[in-house]
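Following this line, the structures themselves.
Here chain A shows up in two complexes: once beside chain B, once beside chain C.
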Partner chain A sequence: MKKSYDVVIIGGGIIGCSVAFELAKRGRKDVLVVEQEYLTSGATGRCGAGIRQQWGSMLNATLALESTHVFENLEEYTGYDGDCGLNQGGYLLIAYTEKEWEQFQKNLEIQHQVGINSHAVPLDCIKEIVPHINTDGIQGACFCASDGHADPFHCTYAYAKGAQGMGVEIVTYTKVTGLKVENGRIRGVATTRGDIEAKVVINATGGHAAQMAMLAGDELPIFPERHQILITEPVAHIMNPMVMSFHRHFYVQQTPHGSVIMGMGDPNEPVSLNTKASWQYLEHNAWVVTQTLPAFRNLRVVRQWAGHYDMSPDRNPIINEAKSAEGFITIAGFSGHGFMVAPRTAILVSNYLTGQQDSLDISRFSVERYKTGELLLEPSVV
Partner chain B sequence: MRIDEHPVLSFERGEKINFFYNGQEIEAYPTETIAAALHAAGVRKLGESPELHRPRGLFCAIGNCSSCFMIVDGEPNMRVCVMKVRSGMRVEEQRGKGVVGI
Partner chain C sequence: MKNRDAEIMICRCEDVTRETILKCIAEGYQTLDEIKRVTRAGMGPCQGRTCRQLIAAELSRHYGMPMEEVMMTTFRPPVKPISLGALADAYEHERTGHKHEKIV
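What follows is the complex of A and B.
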């Protein structure tokens, strides 16, 4: 570790590592990634790792579509010798209310404009996609065959190793304790391993992003929210797609290994940095999911854990350069869909930082939108 | 093989019952686990490993290790080392990952 870098990235999750990789690819190789524990130790390593293109806003649909194209070739793209575990078994979104079903049909129109190959599934055809689903109460469903899920650990390591191969340095078990700002510009970071100078500092700390930004005098409306998830023993493959319900707040997937991963949001979850798993969740999640997927009722749960969504007021990412500290850029607030849009987000941010053109307008993601009212409204978030 | 005499323990095994192993009728005592009854009947291979299909048998014998997974009355992934045998029970060798009934 040197005393000075061009760019310091705080946070060794999928966002931090993918931005490091894309920056290096564009020639900004004097980059340091500072991670307080180990790579993927935060939200990335705890997430459901779904890759969904079936979004309800043009912006999210574009981000997800273009990110999926990167995920499809991530090993080759980053020169990674492992397997990123991409399984494009599709996403089956099920609607339990009329209103939800109407929304799905509007979403499909937007998805088709962007070029996503999603389609509505007639009720009597749902069982062709997931034979063991209980269709009681389902009003309609949508399916996109190129959606899926990947291994969040391997994906992060692919980016990290690719970045390291181009000269990026990564330090783990190093905590950023302060940010140095002089004359309205970021100058560097203070860490548990000493001070480091930097021209640009990127805040990719997920649920901790608001706390981190406060160190530079930047107030951001990002707050951590605990979400829980569990994994069962592995069994023979019976379900290829991710099954998801917004109304019942759950998503379920079967990993290539055979374990079933299921997660749920709780609308009453308070804002907190709590990462403890609760027994109430275990019972509730098991009950709700087995109503829809009764074949999983006898599976034994082997592990349960919790992580943070980095929530923003309009449930969409905030990519913002601090007014109080030029060169300090926060990339957070992904509200539970950071993993699936990370590849394209990293390209967007790196294009901005290297002065290159991008088809997406980065300024739409700034916190200014909460003042001007140009929110990035997204109807389809679990 | 069963231990009949022991300096400390005494065995009250009860009346013999019958259960099925891969369709073949086997005698057991209702106080035994499935694994103990199969062991007494000379069965050493209980299943096959999921990836390489190598033989798997009794390993930890206390319900921790998953080595003794078998299909019991149609239900896969049963730990037969901690599951009591019952009359008429159908126990089958599990080859690889358990198949959940749809």
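What follows is the complex of A and C.
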């Protein structure tokens, strides 16, 4: 580790590592990634790993579609010798209310404008996609065959190793304890292994992002919210797609390895950095999912854990340069869908930092939108 | 000479050999947490009851540190595998006060 870098990135999750990779690819290679534990130890390594293109806003649909294209060739793209575990088994979105079903049909129009190959599934055809589903109460469903999931650990390591190959340095088990700001400009970071100077500092700390930004005098509306997940023992392959319900707040998929992984949001979850798993969640998620997928009753749960969504007021990312500290850029607030849009987000941010053109307007992600009212509204989040 | 490490099973649930673990350590993975995530060692039905200690021993040997200083991964619930049906019935019972008839 040197005393000074061009760019210091705080946070070794999918956002921090993908931004490091894209910056290095564009010639900004004097980069240090500082991670307080190990790579993926925060939200990335705890996430549901889904890759969904079936969004209800043009912006999210575009980010997800273009990110999926990167995931499809991530090993080759980064020169990684491992397997990133991409499995495009599709996403089956099920609607349990009339209103939800109407929204899905509007979403399909947006998706088709962007070029996403999603379609409505007639009620009598749902079982062709998931034969063991209980269709009671289902009003309609949508399917996109190129949605899927990937291994968040290997995807992050692919970006990290690719970045290191181009000269980026990564330090783990090192905590950023302070930010140095002088005359309205960021100058560097203080860490548990000493002070480091930097021209640009990137805050990619997920649920910790607001706390981190406060160290530079920047107040951001990002707050951590605990979400829980469970995983079962591996069994023979019985389900290809991710099955998801916004109304019942759950998602469930079977990994290529055979384990079934599922998660559920709790609308009453308080704001906190709590990562404890609860038995109440375990029972509730089991009950909700086995109503829709009764065949899973016999599967045994082997592990459960919790992680944080980094929530923003309109449940979409905040990419923002601090007014109080020029050169201090926060990329957080992904509200539960950071993993799936990370590849395109990293390209957007890196184009901005290297003065290159981008088809997307980065200023739309600025925190200014909460003042002007130009929110990034997204009707379909779980 | 035959590579014996390729035949020594460290994680029986996920079929991870000693050869794979040593390769990870040689590549620079420093902790049980990292090795668990890149190899799946410790993610199977027994949740690392055997392999956690064996991998810790390899790290201890490689880095020349005592076993008690090797950082452990988080011990996560449930302690033993439990069926979704049993959990769902417990929720139903608490919700309605009625016991589910079906035995899983």
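The rule we apply is simple: the second predicted complex is superposed on the first by the 382 of 382 C-alpha atoms of A that agree within 3 Å, B and C clash if a C-alpha of one lies under 4 Å from a C-alpha of the other, contacts with A are read in each partner's own complex, and residues count from 1 in each chain.
Please note the rule applied: a contact is a pair of C-beta atoms (placed from the backbone, for glycine too) under 8 Å apart; a residue touches a chain by one contact, two chains touch by 3 or more.
Given the structure is predicted, the values throughout are model-derived calculations rather than measurements.
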item	value
Combined model on chain A where chain B meets chain C, clash or fit	fit
Touching partner for A:45 - first (chain B), second (chain C), both, neither	second
Which of chain B and chain C A:351 touches, first, second, both or neither	neither
C-alpha centroid angle, chain C to chain B via chain A, nearest 10°	30
Per-residue contact with chain A, leading partner among chain C and chain B	C
Which of chain B and chain C A:240 touches, first, second, both or neither	neither
Chain B versus chain C as contact partner of A:299, first or second or both or neither	both
Partner chain in contact with A:274 - chain B first, chain C second, else both or neither	neither
Partner chain(s) touched by A:258 [first = chain B, second = chain C, both, neither]	first
Which superposed partner A:132 touches (first chain B, second chain C, both, neither)	first
Shortest span in Å between Cα atoms of chain B and of chain C, once chain A is used as the common reference	6
Set of chain A residues, in rising order, touched by both chain B and chain C	233-234, 296, 298-300
Complex contacts: residues of chain A adjacent to chain C	37-41, 45, 82, 153-154, 157, 172, 231-234, 257, 277, 279, 282-284, 286-287, 289-290, 296-305
Chain B to chain A touching residues, read off their complex	50, 66, 75-77, 96-102
Touching residues (chain side chain C, partner chain A) in the complex	30-31, 33-34, 37-38, 40, 43-45, 47, 74, 76-78, 81-85, 87-88, 90-92, 94-95, 104
Residue ranges of chain A in contact with chain B within the complex	131-132, 233-236, 238, 258, 295-296, 298-300
